[in-house]
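Here is the structure we will look at, set down as structure tokens.
Letters A, B, C, D, E and F mark the chains in the order given here, with residues in each chain numbered from 1 onward.
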């Protein structure tokens, strides 16, 4: 068993806002992120799959295929979009780095598993160079 | 004479839109950047000043002072903002990387000159790792 | 459960010296690092916490709070300091990358746990781009 | 127990080719990587060992020693070489990122173990900034 | 006038060999780079153009167009290729970083000029993180 | 004419202190950098030479030779040293980033010129990722 990772990037807008709170409460908790005009980031995504190496190809999975799956399931939906306004899973969930990592996992887990030969193992999302979140699924080890 | 550079970062939203054009024309020229919900980036700014080294301090300028000027003149205005909607110079100018570089120059040229001892020499703005613009003022050499 | 990481940096001096050894022995084992005038590094710290995402905020922890805890417990004590001469835990422990990782863990474990909602999961310390150490506490998995 | 990592780099050529397949089949599966003239990469290697910190030195292992082992066992064999044509383990195994990670593990596991005090824990190989593979040995956890 | 830069990458093989020299002489001058099996790199290219900002678009040039020109003129010819064996300009010129920078300039100067609105100003080629060459054309300033 | 750059790194300690000032005055101007125990950085050096490409080798200069000159003239003197206490040029000059850039220029200008074929064109010194100084000699263009 080996782990194989592919990075991808997308640029998107978001804001942090809990609609059940007052404006004052949102600003107290979320600070500048509560600005409803939105602000944005260049997000970097690391998608890791695990499986055995196919002795015929030397591949866990075909990285071109993995790139296309990430493009189709995530980048084409998130890139150059306003996450709160245009991406369905953030209609009622705040697009924090943590929630983006979970959402990307949810978009990729089944397509990776269905392709056979490998399973999704980890999704890491960088909001900036200094902040990142990782999700490994409901059964994943959370102790790094 | 020596050149001294300080980097700073800000996260902001923007879109590309020429109000004198139809929606169709905007989309034809600006593609996904014409999305009026906005998208965003982590911008990196490199501000370069030039001057002589003060033999008493070893400084061209005090980098703490330079950091504060950049913070006050640029970061506090641009960071966590929607550039088109909240930053005055982009009310009637499209916030492309080129125009952001010129706008940052215009915000910093006088404060740096007034402090004495150094002049603004170059502003470089990275929109992503792969795209950046540089401006050196109206009298600046444009041949790198 | 999800993992959330925040980076921070500090610049410090150190040297490697075992006071129970002769100068010769110290130089034989530690080479140039035994220079008692000290040398220094820009250290990069990655602090990872684990917990569940609060559905109200979308946060595992408030990253602003985590930044402040790291600043207060570590950066304000280590940055622009000589680790051997000015940081208590290195009075009788050599400030190698390994020992810095353990010391940072020891400084952060209780404050993170006391805040509720998350636990410290990993501390990674980069001495240079090419050298880093990770500590996950006494109960942590050491198999990556 | 703590984890200590050292990076190293090498520049090498390779191609992907399964000799039991036709040229057409190789090109269908491997695309541009099937070009028999070869192409190349700057590979980055991260070698992680685990052990306890020696209280006398503050070291898990001497990083100078670890650098020398990586140099002797891997870099001197792989750097400025054509992996398919000049490195024995790739005579009958395709030098994909996955297989390189396993090969590096196989070259380092015994020398690290024999030195005493630490065990090889993880080998990560970056082919580009966007693609990397990790191997943790046959007994290693593959869930990150 | 402003400068606008776009990065691109390609992975290629090469070797250093002067056919008018003996093998011994080639190895004396070029060392490991004289290995005729070839070795390779992930090259990073920075292409800089200069011009005035079009007030209607905020562009010096359309970065999508610039990306396509670089792709068509350079990346499609160099990527996943053996530079000595497959790229015409290196049939009788050694593909050093310096010569690659000049060759890229020669491939891009006319297409950029013909598009109108901007001129090629600088080509920078990174062979590794630690080595890069810049060319600014025959009339370019060589004093940075 | 073309420009060729080689990077190198060194780790060193320093402090900022003007001996003709009181302790109070030093702390007022230099802040935490006035700490006499010293603090340190991983410095990155970019040394750029300019010349014509030798058609026989494809080189402006041999990069192995350039690496050795930088090692001999700079790295062997600065690395793992306390700049104020152990490097002669900083006995009576404060080792700011600006002064280090000038000092490196002064150490390299003659050896590069004497080797023939190229001249030193630029020295850039990064103290951190966010701060760097450039020097181009007394006759150098200071307008970037």
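The rule is short, and it goes like this: a contact is a pair of C-beta atoms (placed from the backbone, for glycine too) under 8 Å apart; a residue touches a chain by one contact, two chains touch by 3 or more.
No experiment lies behind these values; they were computed from the predicted model shown.
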Open item on the list: Once the contact rule is applied, which chains count as partners of both chain E and chain F?
Closed with: B
Task: Same-site or different-site touching of chain C by its copy chain F, using the half cut - done: same
Open item on the list: Please compute the angle of the rotation superposing chain A on chain B (C-alpha atoms), rounded to a multiple of 5 degrees.
Closed with: 180
Task: Chain pair equivalent in interface to E-F, over half of contacts matched, among B-E, A-B or C-F - done: B-E
Open item on the list: Suppose chain centres are the mean of their C-alpha atoms. Which chain sits farthest from chain C?
Closed with: E
Open item on the list: For chain A versus chain C, what separation do you get between their C-alpha means, in angstrom?
Closed with: 28
Task: Centre distance in Å when chain C and chain E are each reduced to the mean of their C-alpha atoms - done: 42
Open item on the list: Give the residues of chain D touching no fewer than two other chains, as numbers and ranges.
Closed with: 129, 134, 140-141, 144
- [ ] Determine which chains touch and list them pairwise.
- [x] A-B, A-C, A-D, B-E, B-F, C-D, C-F, D-E, E-F
TODO: Would you mind writing out the residues of chain B in touch with chain E in their complex?
DONE: 16, 18, 29-31, 93-99, 101-102, 129-135, 140-144
TODO: Within their complex, state which residues of chain B touch chain A.
DONE: 9, 11-14, 32-33, 35, 37-42, 79-82, 85-86, 128-129
Open item on the list: Please output the residues of chain C touching chain A within their complex, sorted ascending.
Closed with: 1-8, 48, 50, 53, 55-60, 62-64, 121-122, 136, 140-141, 144
